[in-house]
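This is the structure I want to talk about, given as C-alpha cells.
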Amino acid sequence: MATTIIETGGLTRSYGDICALKPLDLQVPEGEWLSVMGHSGSGKSTLMNLVGGLDRPSAGSLMVGGEDLLALSEDGLARFRREFVGIIFQQHHLVPYLTAVENVMLAQYFHSVPDEAEARSALERVGLGHRLKNRPGELSGGEQQRVCIARAIINSPKLLLGDEPTGNLDHKSTVMIMELLKELRAEERFTVVMVTHNQEVAAWGDRTIYLDDGVLVREERTNS
Amino acid sequence: MLFRILKNSFLKRPKAVLLIFLSITMGAAVATAFLGISGEISHKMALELRSYGANILLEPSAVEGGFLREEDLPKIKTVFWKYNITGFTPYLFSIAEFSAGGKKERGVVSGTWFAKQLEVPGEDSSIQGIKGIAPWWEVQGRWPEDAAEAIIGAALAKRLNVVAGGDVTTIVRGRSQQFRIVGVVTTGGYEEEQLFAPLVTVQSLLQLPGKVSRVLVSALTVPMDDFGKKDPATMSKDEYEKWYCTAYVTSVAKNVEEVMAGSRAKPIWQIASAEGALLKKLNSVMLLLTVLALGASATAVSTSLMASMAERSPEIALMKAVGADRFQISAIFVGETLLISMAGGVVGYLLGDQLAEVISRTVFSSTIVSPLWLFPTAIISALSVAIAGSVVPLRRALLIEPVRVLKG
Amino acid sequence: MVAVKLIPQLISWFGIVLVLLRGFPGLRSVVTTTSISGFAIGVSGAFFMFRSLPAAIPFGAVKSALGVSFLLLWGISVAAIYRSTGRRVTISSGARLVNTSIGAGTGAVLAGIITGLVCACRISGTDGNFPKLLFLVLIAGILTVIALAVEKRLPASLTVSPSGMLTAVVALLLFCSSSSLRLDLFSPLSMKVMKGVHDFVHQFMESVLIPDHLFVRSVVWGYIGLLFGKEVGFWGGMIIWFTPAILIALAINFQRLPSVAHIRQGARRRKLLADAIRNKRMLLITPLFSLAIFAAAAYQSSFPSVEYWDPKPEPVTASPSGEIFIPKKGEINLEDGKLHKYLFKQEGKEARFFVLLSPAGQLTVDLDACAICKPDGYGQAEGSVICYYCKTLIPLDTVGKPGGCNPVPIQFTEKADGVAIDGMTLLNAWSSTVRATARVKEGGK
C-alpha cells in the first residue's frame, strides 16, 4: 500500500459550543481521489479547511504530508499552503483587478518567483490559451473555475483540495471540469480531496466518505 | 510582480486611491506650510535678535531734561567689558517743525553718529554709529557724509512728500537748518517718524553743544540665567565677582553706567525677550497645528484604508489561502500606501510651499524663502502619516481568517 | 567618561566582531579569541608607542594601517567586480586561505589590533595611564561576549560573503577613526584629490596645451576652471570613498543565478531561483549597510562633532636657556587661524597657554586663562573664543589684548619660523593669574 498522505487522529473542530467536527480518524493514501459527501453543515468543509491548513483543529492530531499542522506557526501554515496544497473553491475566487495570467502568477509570486511563460502554459493546459489577458469579470463561470485550477496546480502541489468546485456550474461545465481534473491528476499524480454534495461528482473519486453532523457515518469505494 | 499588483490595484480603484492621496497631500501641505513659516519666523527672529545689537540703553539719571556728555562716550571703549561692546550710538532728540516744498509737518529731529571714526587713547580706533548698531535699517539712497546731509524716516518722508535728493528745512525754537536728504530709511519702527542728521549739526541747531540725550549700546552678552537675575546687592563677595565677570547684560550695563557721568543704564533685553516669548508661543501654536493637521490626515488615511480593507478582505483572504504569509501581505498593502504617500508628499510639498508664501504674504506681509530641509520634512511627514494611518488597518488585514471570509 | 568619549569606537568594535563572527561561520572560538587578543595587542602597542616615541609616529602608523586596509578593500572590490563579469580568475592560495582558521584568525587579529590602536589613540594620546587602557580592553571584551550572544540570535539566512565582510570591517574601522581629527582619512583624501587634480591640470596644460592653445576657447577654459574649484576635492574624495563598497555590492548583484533550465518541474525550478535571489539579497545587506557607515564616516569627518575647537594641550619643553620655541610649520600649523594649546611643565610647575593667529594676521600668545575667572580655559567658536567658566564670547580680534575676560597675553618674540616664549615669564604669569583658584586641570571643562 502507498504511503499515507493525510492522517488524522481524533480530529475535532468546534466553534464555541457548536461542534463542527466530532473526533475523526481518517487516513488517505498518497494518490487517492477522496470524495467527501454530506449535507451543508455536516462538517465536510471544516474537514477540508483543516487538511488544507486554512484552519486549526480544536483537538486531535493532524499529519499532512509528514508535517504536523498543529506545530506550525501562522507563517509556517502559509508556507505549507503554498508549497504543498492547491485549493479550488466553490466560488471561483480570483483577484478581480488582475488578468487570468496574473492571477496564476500571483500564486507563483507567493510561492517563489513569478514566471509568466509557465503561467501561460498552465492556462493553455486548462484550455484557456485564448483568454490570458482577460480579467475575471470577462470570463464565464466555467472559465473562471479553470483559472482557479491552473492556479491551484501551478506550484505542483502534492494535495489538491476542492470545495464543491462545480457547485455553481451547469452539467456540461461540471463534466468538463471533472474531466480536466482527472487528466491533470493522471499527469501530476497529486492526491485529491473533494468536498461535494453531488453524488455524480463524488463518483469521480476512488473512495467516498459520508459525513453527517460532524461524524463519519459511511465509507464506500467506487469502482470507476 | 509586486509592481504589477500595485499598478493594477491603483488602476482598478481610483477613488479609494485618490482619497488616501488627498488626505496625505493635505497633511503634507499643511505640515510644509506651517513648518516653513515657523522655521522662517524663528530664523528671522534669530537674525533680528543678533542684529538687534542695541541691548543697553543709557539715559540721564532721574533729573528731567538732563543730558549726557558727548565727551564721556569714548570711555565706553575702556570699561572692563570693552571687548564685548561691539558698538554704541549717541542720540540727541528734539521735536521740530519740518517744511519741504511748501508742506509743514511736526516730527522728531535726531542727531546721531552714522559711522564715526572714534579714536580712544590706548585702544584701536573703531567705527561707531547707527550703521554698525542697526544693520537691519534699509536705506534707499545713501548714508549722510556731510554735516548738512540727513536721512529721513519713511513715514515722515511720505508726509512731507520728499524723496532722496530733496531738501528739508528744520525749525526748532525759531532757529532753522536746511538739510539735504540723501536717503529714506525703513526700519519698521518708530524711527520712521524721525529725521536723522549728524550729531554736531543738531547740537548747534539746538544750542546744546557736547550734549547727548541717550546712548544705545550693543554688547555681546551671555543669556540670562537664574544666577544673573539675582540682585547684585545681595550677593556674597565671591558671587559678586562671578557676576561681575560674567557678561550678563546687567553686569555690562552696570559697567557702562559707571563711566558715563550722570547716567542710568537700562538693559533692554526685556523687550527682545518678550518679543521672543511671543514668537515662541506663536511657534508652538504652529507646531501644535501641524501635529493636529498631521494627526487628522493620519486618521483620514486610517479610515479610508479601513474602508478599503473591508472591501478588499475577500482578496486578502484569497491571497492568504493561496499561501501568502504575513510579510507578503504587508508588502503589498504597505507598499501601496507608501507609493501613494510618496506622491502625496511631493505634491503636498509643492502645495504647502505655495500656501506658506500666501500665508506669509497676507498675514505677516513678508516673503519667505523656503529652506531646503522642508522637502525631506514633507516627505517624511507624508510617510509617517501613511505609516501611522495604516497600522490599524494592516493589523486588521493580517487578522483576517480566510476560512470565514471565503466560506461560500 | 572614557566610555562616553569612545562610544563610536566601541559601537564599531561591536559591529566588527559581529561581522567577523558571521563571516567565519564555524570558527567562532577562533574569531572571538583572536579578535579580542588583537584588540589588547593594539591597545598595549599604542600605549608603548606613545610612551617611547613622539606622538606623530603612532598616529602616523595607525593612519597608514587604516590607509592600507582601505587600499586592500579597493583591490578586493576590483577583483570581485572583475570576477563577477564571468571571467574566471584563478583563485590564488591566499583566497583559499580565507576560510581556514588561520585566515580567520589573522583577519580577526588585524582588525582587533587596528581597532585597539584607534581606541587607544582616542583616549590616551600622550599620557594614557594603564588602568584606563585596561578598563578599555575590559569593555571591549564584554562587548565581544555580547556580540557573540547577539550573533546567535540573528536569523540564519543573513549571510555575509568574504568581500562583504571586508567591506563592513573597513567601513567600521574608518568610521571609528573618523571622529578623531588626526586619524581621519576622508578629509586628507579629498585634499589629496584636489591637489592631484590641480597638479595634473597644471602640468597637462603647461606641457601640452600652452604651446599651441589656439583651439582652447574660453568655453573650454571655463570647464578647465571647474577642475580648480574647491568642490573637486570633495566630490573626488566621495567617489574614491564609496566606490569599493558599491563595486562589491554590484559584484554580488551580478553574481550568476544558478542554472535551472534542466529542472523540468516549474515549482522546483522557481523555488531554487527564489532561494538564490533571497540569498543574494541577504549578501547585499552587509555592503549596503557599509555604504551607510562610509557615509557616516565622511559626514563625521566633514562636520566634526566638537562644538568648540578645543585641542588637547601639546606638551612643550624649554631649551636650557629657558626659551620655549614653537615652530610655525610642522605637525601643527600655527598660522591656520585655529587655537593651538600647549602645556609647559617645569619643576613641578605648569602653565597652559595657546597660540593663535588673529584675523588681523597677528600671532598672539596667551595664557589659557583670564585674569578673573577660574582657569577653565578657552574653546574656539566661529569668530570668537569662549571662556568655559563664564561662557563669555570674546571676539577673535580682541584676543591678545588684556582686560575683561580676555585671555591674558604673554610676551613673545616672533621669529621667521616660529615663536619664542620665555619659560619663566610664562610660569610666573600663570601662577600669578591663577593664584588661589588653583584648579589646574588639563583640558579644563
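Order as written gives the chain letters A, B and C; numbering starts at 1 within each chain.
Rule of thumb we're sticking to: contacts are C-beta pairs under 8 Å (C-beta built on N, C-alpha and C of every residue); 3 or more make two chains touch, one makes a residue touch a chain.
Note that the structure is predicted; figures quoted are calculated from it, not measured.
Peer 1: Among the chains, which is located farthest from subunit B on the basis of C-alpha centroids?
Peer 2: Centroid comparison gives A as the farthest chain from subunit B.
Peer 1: Between A-C and B-C, which chain pair is linked by the larger number of C-beta contacts?
Peer 2: B-C
Peer 1: Can you check how far apart subunit A and subunit B are, centre to centre, with Cα atoms defining each centre and the answer in Å?
Peer 2: Here subunit A and subunit B have centroids separated by 70 Å.
Peer 1: Report the inter-chain centroid distance for subunit A and subunit C in whole angstrom, where each centroid is the mean of the CA atoms.
Peer 2: Inter-chain centre distance comes to 63 Å.
Peer 1: Hey, how far is the Cα centre of subunit B from the one of subunit C, in Å?
Peer 2: 38
Peer 1: Where in subunit A do residues touch at least two different other chains?
Peer 2: Subunit A, residues with two or more chain partners: 83, 108, 111, 113, 155.
Peer 1: Which residues belonging to subunit C are in contact with no fewer than two other chains?
Peer 2: none
Peer 1: Which stretch or stretches of subunit A touch subunit C in the complex?
Peer 2: 83, 108, 111-113, 115, 118, 154-156
Peer 1: Within the complex, which stretch of subunit B touches subunit C?
Peer 2: Result: residues 80-84, 86, 220, 222, 241-242, 244-247 of subunit B touch subunit C.
Peer 1: Which of the residues in subunit A end up touching subunit B in this complex?
Peer 2: Within the complex, subunit A contacts subunit B at residues 45, 49, 52, 54-55, 74-75, 78-79, 81-83, 85, 87, 89-91, 93-98, 102, 105-111, 113-114, 151, 155, 163-164, 167.
Peer 1: Within the complex, which stretch of subunit B touches subunit A?
Peer 2: Residue list for subunit B touching subunit A: 1-2, 4-5, 8-9, 11-13, 314-315, 318-328, 401-403, 406-408.
Peer 1: Which bits of subunit C are touching subunit A when the two form their complex?
Peer 2: Against subunit A, subunit C makes touches at 265-271, 273-275, 277.
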